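The two complexes that follow have subunit A in common; it is paired with subunit B in the first and with subunit C in the second.
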Partner chain A sequence: MNQRTWLHAWLMLLPALVMLLAFTHIPALSTLWHSLYLPARSGEQAEFAGLDNYRMLLDDEVFWQALSNNLWYALGTVPTSMVLALVMALWVNSRIRGRTALRLAYFTPTMLPMIAVANIWLFFYSPEIGLFNQLLGSLGLDSINWLGDPDWALPSLMLMTIWKEAGFFMIFYLAALQGLNPDLYAAAALEGASPWYRFRRLTLPLLMPTSLFVLVNAVLNAFKLVDHLFILTKGGPNNATNLLLYYIYENAFAFFDSNYAATLTLVLLVLLILLALLQFTLLERRIHYR
Partner chain B sequence: MSQLEVQSLNKGWAGVQAVDDLTFRIEQGEFVALLGPSGCGKSTTLKMIAGLEQPDSGRLQLNGRDITRLPPGQRQLAMVFQSYALFPHLSVEENILFGLKARRVPPAERQRRLRRVTELVDLGPQLHKKPGQLSGGQCQRVALARAIVAEAPLCLMDEPLSNLDARLRNEMRVELRALQQQLGMTVLYVTHDQVEAMSMADRIILMNQGRVAQYGPPETLYSQPQNTFVARFIGNPPMNLIRCGERLLGIRPEHVTLQQQGVDARVVHVDYQGADTIIDAALPGHDNQILKLRLPGHQCLALHSELKLAWPSTQEHHFCLHSGERLNRDFATPDHPLIQTEPTHVV
Partner chain C sequence: MLSRTKRLLAAGLASLVAIAAQAKTELTMYYPVSVGGPLTQVVDGMIEQFEQQNPEIEVNAIYAGNYNDARVKALAALKSGQPAQLSVMFSIDVHELMDQDAIIPFDELVETDEERQWLNSFYPALMENGKVDGVTYGIPFQRSTIVMYYNKDAFREAGLDPERPPQNWDELVEMGQKLVKTDARGQVERWGVMIPSTGYPYWMFGALAKQNGEVLMNSAGNQTWFNKPGVVEALEYWRDLGSRYGVMPEGTIEWGTLRQNFLEQKTAIMWHSTGSLTAVKRNADFDFGVAMLPARKNFGSPTGGGNFYIFKQSTPEERRAALKLVRFMTSPEQAAHWSIETGYIGVSPAAYETEALSRYIKEFPQAAVARDQLKYATAELATHQAGRIRKLLDDAIQSVLNGQAEPEAALNAAQKQAERILSRY
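After this line comes the complex of A and B, so read on.
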C-alpha cells in the first residue's frame, strides 16, 4: 500500500477511533489505574494501594452475594426469555389472523423504558393491593410479599426481566425466520418431514447465528440492566437482589469509594469478556453462516 | 395404467382465474413438459399437484389413488425446485438422505440408494461438502440426486435449469433426458423455455391463461398448431401470421425461400445470427405486413431491396381471424390466399 492510501485509511478511521478511544478505551485504562489507588482524603494525594482493593474484594461478602445473585439472575432469565422469544416468533410468523397486532403486543414491553416497566410491576407486586396477591387471594391462598421476602425478591425481578426481554429477542428471531427460504420448507414437506422434524433439522440450525447473537446480548443485558432495582428493591432486602452493576453504583455514588467501584468494574468487565469468549468458542464451530 | 390424472383443476385469486378447468393425463415413464409464458398458471398447477397449494376444485389422482387433499409428504412425489432448495447447513450427503431419514428408511437401504445415486449423477467427491462450496451445476445435481433417491412414482421439476448458464444448461438437458430414460422416471417438467420442452419432452402441455392451449408431442405442436397462440409460441422466430380477409395465414420463417417468382416483398431488417440470417420483409401487396424468413448462412441483402418469396403450400397453416382456431385446410383454402392466380408455389 502506498503512503497516500495509508493516510486515507487512517483519516477515514479517525472519527470512529477518536470516539472509541475517548469513551471506551481511555476510560477502561483509567478505571484500571483508579483501581490501584486508595480513595483520596480531603486535601491529600491519593495513596497507591497496589492490589489492596482486589484483596478487599475477595473478602467482601456483599460482592460475592452480588456476583452469585447476578449469575442466578442470568441463568434464570437468559434461557427462558430466549425460548419464549423463539416460541413467540414462530407463532407470530405463522399465518394467523391479527398477527400484526400480536407482534406489536409482544414488542410493547421492549419499547417501554425500564423505569416505567418497574413502576407498572411495582403495582403488580404490591403486598396488599397488588395484582398478583389479589389473584392469590381470590384463589384462597396466602399473599406473598413479593419484593420484601428475600426468597421471592430475586425471582420476582427475573419474571419482570423475562417479560421485558422476550419481546425484544422475538424481533431478531422473527427477522431471521422471515429471511429463510420458503422453498426449503416446501422441499422438506415433500420429503415427508413432520413439522417437528422440520423444526429440529431446519429451523433450529438455520437460526443458530441469530441464537448466538441473542445469547451474547441477553447475557450482557443480564449484567447491564439494573434500572429497575432503583424503583423496586434498591438491592434489598438484605442484598437479596443486589446485582454487580448496582453494587458498583452504590460504591461509587452512595459510599463515595470510586476506587473500589473501579475495581469492581474491572472485575465485571473481565467476567463479561470471558463469558463472551466462552459463548463464541463453544458455539461458533457448530454454526452455519450463509 | 395412467400415472397422473388431473381432472378439472381450478384455482383463482381475487377474481383472477390462474388455473381454469385444467384436465390432462401423464402416462407411466413419460416426460411431459408443462410449457407456457410467465403467468400462464403452470407453476400454480405444479404446486397444486405437489400439495403446496390447495385447488379450489378438481381432482388429482396418482396411480388411481386420490391425492387431492393429501399433505405433500404423503403424495409420494419428488420435486426439483428452481432455487434447488438445498439445505445450506447440511452436507451433500445429508441433503440427499434428508427425506429417507425423515421417512425412517433403514440405514443399510439408505447407503445402497446413496451409492447408486451418487454414481448416477457423478457427485462422489462432493459428498461431504456444503452446498455453499458447490458450483451451480453441482447444486443442480444434488437437487436431482435428492429427487431420484426418493424413488417416487412421479417427479416434479420446476424450471430446474433456469439458473444455469447457457452452455451448462445444454449439457444438463441432455444428461437429464438420458437419466430419465435410463431410470424410466415419470417426469412433469415446468418450463417457459420452448427449447427445453421441445428437446426433452415426450409430450408438451402448452398452457395459456390457465388453460391447455395444446397437448401433444413436440412435432405436432410445431407442425400442427391448434391455434394462433401455439403458432406464435412455438418456433424461433415464431410463425408468421399474415392477415388475409377473414383468415390468418401461418407460415414458418424456415419454410420461406427466395424464388424467381412469388410474392413481392421488400427487405426492412436483416438480423445475422451465424448459422443463418433472419430477414424481416414487408409485403406491399398486403398492407405492408411483416413476414420473417430464415435463410441459411450470411445473406447480404441491402435494405429496401425487392424480393420474391415462396413456400410449399403443404407448410401453410390457416386460422380463423376471430377465434384464432386452426381451420381445416381442405375446406378453408381451395387456393393460395396471397396470389389468386397461382394456386401453388413449388420450390
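After this line comes the complex of A and C, so read on.
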C-alpha cells in the first residue's frame, strides 16, 4: 500500500476514531482510574484505595444477587423474545389481510417510552385492582402479588421486557425475510420440500446473520435496559429484581459513591465484552454471509 | 421647556426600567412531587404570583420527579456548572448535602431581626430534619406526617362505629379482621389495612417504631438503633398484620398504587402521606375519615417530605433573591393555599390562623389531623450516607414481610452493616 492511500485511509477513519475515543475508550479508562479511589469527602482530596473497592465488591451480597438476577433476566428474556420475534415476522411476512395493521400493532410496544409503559404495567400488576389478577380471578385462580412477591417479581419484569422487545427484533427479521431470494424457494418447491423443511434448511440458515445481530443486541439490552425498574420495583422487594445497571445507578446517585459505581461499571463492562466475544466466536463459524 | 423636562424625565425613567430589566435576578429551582396528582400546577401558580410581586426576580421552577430524582438532577446540574440556586429536596438529605458541601445554612443568610424571627416561626417538629447542631439548613415546605385514611362506609358495613377509628395496635387488628371481606371462593375482596412497603418502607417503619416508643437514629445522624427490642417488636407487628392476623396482604405492598386501591375500596384502611389528602378527597366516591396512626405505647409518626435548601454555588444577590422566594413560598398565606391544594401540613402555626385554612378545616376537619399529630411526631430517618442506610433498613423490612427472614435476625444484620458504614462519621 502506498503512502497516500495509507494516509487517506487514516483520514477517513479519523472522525469515527475521535468519537470512539472521546465517548467510549477514554471514559472507560477514567472509570478504571476512578474505581481505584475512595469517595472524596467535602473539601478533601480523594484517597487512593488500590483494590479496596474490588474487595468490597466481592463481599457485597447485593452485587452478587444483582449479577445472578441479571443472568437469569438475560436467560429469561433473550431466547423467548427472539423466537417470538421470528414467529411474528414470519406471520406478518405472509400474504394475509391487514398485515400492515398487524405489523404496526407488533411494533407499537417498541415505540412507547419504557417509563410510560412501566407506569401502565404497574397497574396491570397491582394485586387487587390489576388486570392480570382479574384475569386469573375470572379463571378461578388465586391472585398473585406480582411485584411484591420475590419469586414472582423478576419473572414479571421479564414478561414486560419480552413484550417490549419482541416487536423491535421482529423488524430486523422482517427486513431480512424480505431480502431472501425467492428463486431458492421456487427450487425447493420444485423438489417437493415440505414447509417445515424449507424453514429449517433454507430460512433459518439464511437468517443466521440477522440472528447473530439480534442476539448481540438482545443480550446487551438485557444488561442495559433498566428504565422500568425505576417505576415498577426499584430493585425490590429485598433486591429480588435488582439488576447491575440499576445497582450502579443507586450507588452513583442515591449513595453518592461514584467510585464504587465505577468499580461496578468496570465489572459490567468486562462481562459484556466477554459475552460479546463468546457470541461471536461460537456463532461466527456457523454463519454464512453472502 | 416643560415638555423638554418631561421628555428628559421620560427618557431617564425608561433607562431606569431598562437597567432594572437587565439586573433581573434569575433563579433556578428544582422540586419533587412524590404523591402524584396535579401538584406541579399548584407550584407553578405560586411561582407566578411571586414573580408578579417581585418583577426583579425570575424563577425557573423545574419539576424533577420524586425525591431521589430531584436530588440527582439538582446536584448533577451543580456539578456540570449549570445554575441552580435553590431546590426543594428531601428533608432527610441534609447530612448528605452537607457532606457534599452543597448547601449553606439559613442562619448565614438572615440579616434582620425580623428575618431571624422568621426562622423560628415553623413547627419545631418540622425543623428536626432541617437543623443540624442547632444550625438551620432546611426550611420546611412540602411536609407531611403519615396518617390513617379509613373508609367510613366499610366501617358501617362491618358494624363498626365510623367515627371511632382504631386507636391502638390491638384495635387495628380487631377492627381490621372485621373489615376483611371475602367472596364465595374465599378470595379477599377487601382488606382490613394496607401499609405500603415499597418506595418508603423505612418511613412507615419509623411510625411503628415511634408508636412503640423507639426512634431509629440519633440527631447527629451517625448512629442507628435498628435492633433495639422495641424496634424488633414493631417489625414483628407489621409482619403479623399479614401473616398472623390476615388483615393485610402478605408480601410487599406497592406505594405507587396504594391510593388507587383505597379509592377502589380494596382496602378499608391505608397508611399514607397526608400529601395525598386532597387527591383522596377529590376522588373518593365514599365517605372517608382521617385519623392519627394508632398507638402502642403512644401515638407516633415521623414527619416526611421536602425542605427548601439554598446552594453554596450562588452570588450574594441570588442568595437574597432565593431567601425572598423561600419566605414567600412558606408565608402563612401561601402555606395555607399549598396545604388546601395538597393536604401537606401548613408549615407554621400562623398558616392555620389564616382565614382560608381555618375555614377549610372547619368544613373539612380531616385536614387538621396531620398537624395535630405533630405533637407526637419524630424526625424521619436521616443519617450520613443516608441512601445506603435507608436501603439496608428497606431490604431488612421487605425480607421480613416476604417471609425470607426473621425480624430480629434481619434487623441485627442491618444494624451491623449500618454501624460499619457510619463508623467514619
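The definition used in the following text is that the second predicted complex is superposed on the first by the 275 of 290 C-alpha atoms of A that agree within 3 Å, B and C clash if a C-alpha of one lies under 4 Å from a C-alpha of the other, contacts with A are read in each partner's own complex, and residues count from 1 in each chain.
Convention: contacts are C-beta pairs under 8 Å (C-beta built on N, C-alpha and C of every residue); 3 or more make two chains touch, one makes a residue touch a chain.
In this text the structure is predicted, and so the values were computed from the model without any measurement.
Superposition of the two structures on subunit A leaves subunit B and subunit C fitting side by side, clash-free. In the superposition on chain A, contact of A:L147 is made with subunit C only, not with subunit B.
In the superposition on chain A, contact of A:F255 is made with subunit C only, not with subunit B.
In the superposed model, A:T31 makes contact with neither subunit B nor subunit C. Using the contact criterion defined above for the overlaid structures, shared-chain residue A:G137 touches subunit C, although it does not reach subunit B. Of the two partner chains placed around the shared chain by superposition, neither subunit B nor subunit C is touched by A:T263. Contacts of A:S194 after superposition: subunit B is touched, whereas subunit C is not reached.
Touch criterion met: A:N181 reaches subunit B, while subunit C stays clear of it.
Taking all C-alpha atoms of subunit B against all those of subunit C in the superposed arrangement, the shortest distance found is 52 Å.
The contact surfaces that subunit B and subunit C form on subunit A in the two complexes do not overlap at any residue.
Contact residues on subunit B toward subunit A in their complex (touch as defined above): 50-52, 71-75, 77-79, 81-83, 85, 87-90, 98-99, 102-103, 130, 132, 146, 150. Looking at the complex, you find that subunit C touches subunit A at residues 68, 71-72, 96, 98-101, 185, 187, 191, 197-199, 249-254, 256-257, 260-261, 264, 266-267, 385, 387-388, 391, 394-395, 398-399, 401-402, 404.
Residue ranges of subunit A in contact with subunit B, taken from their complex: 181, 183-184, 186-194, 197, 201-202, 205-206, 208, 288, 290. Within the complex formed with subunit C, the subunit A residues making contact are 41-43, 62, 122-123, 126-130, 137, 140, 142-143, 145, 147-150, 231, 233-234, 236-239, 250, 253-257.
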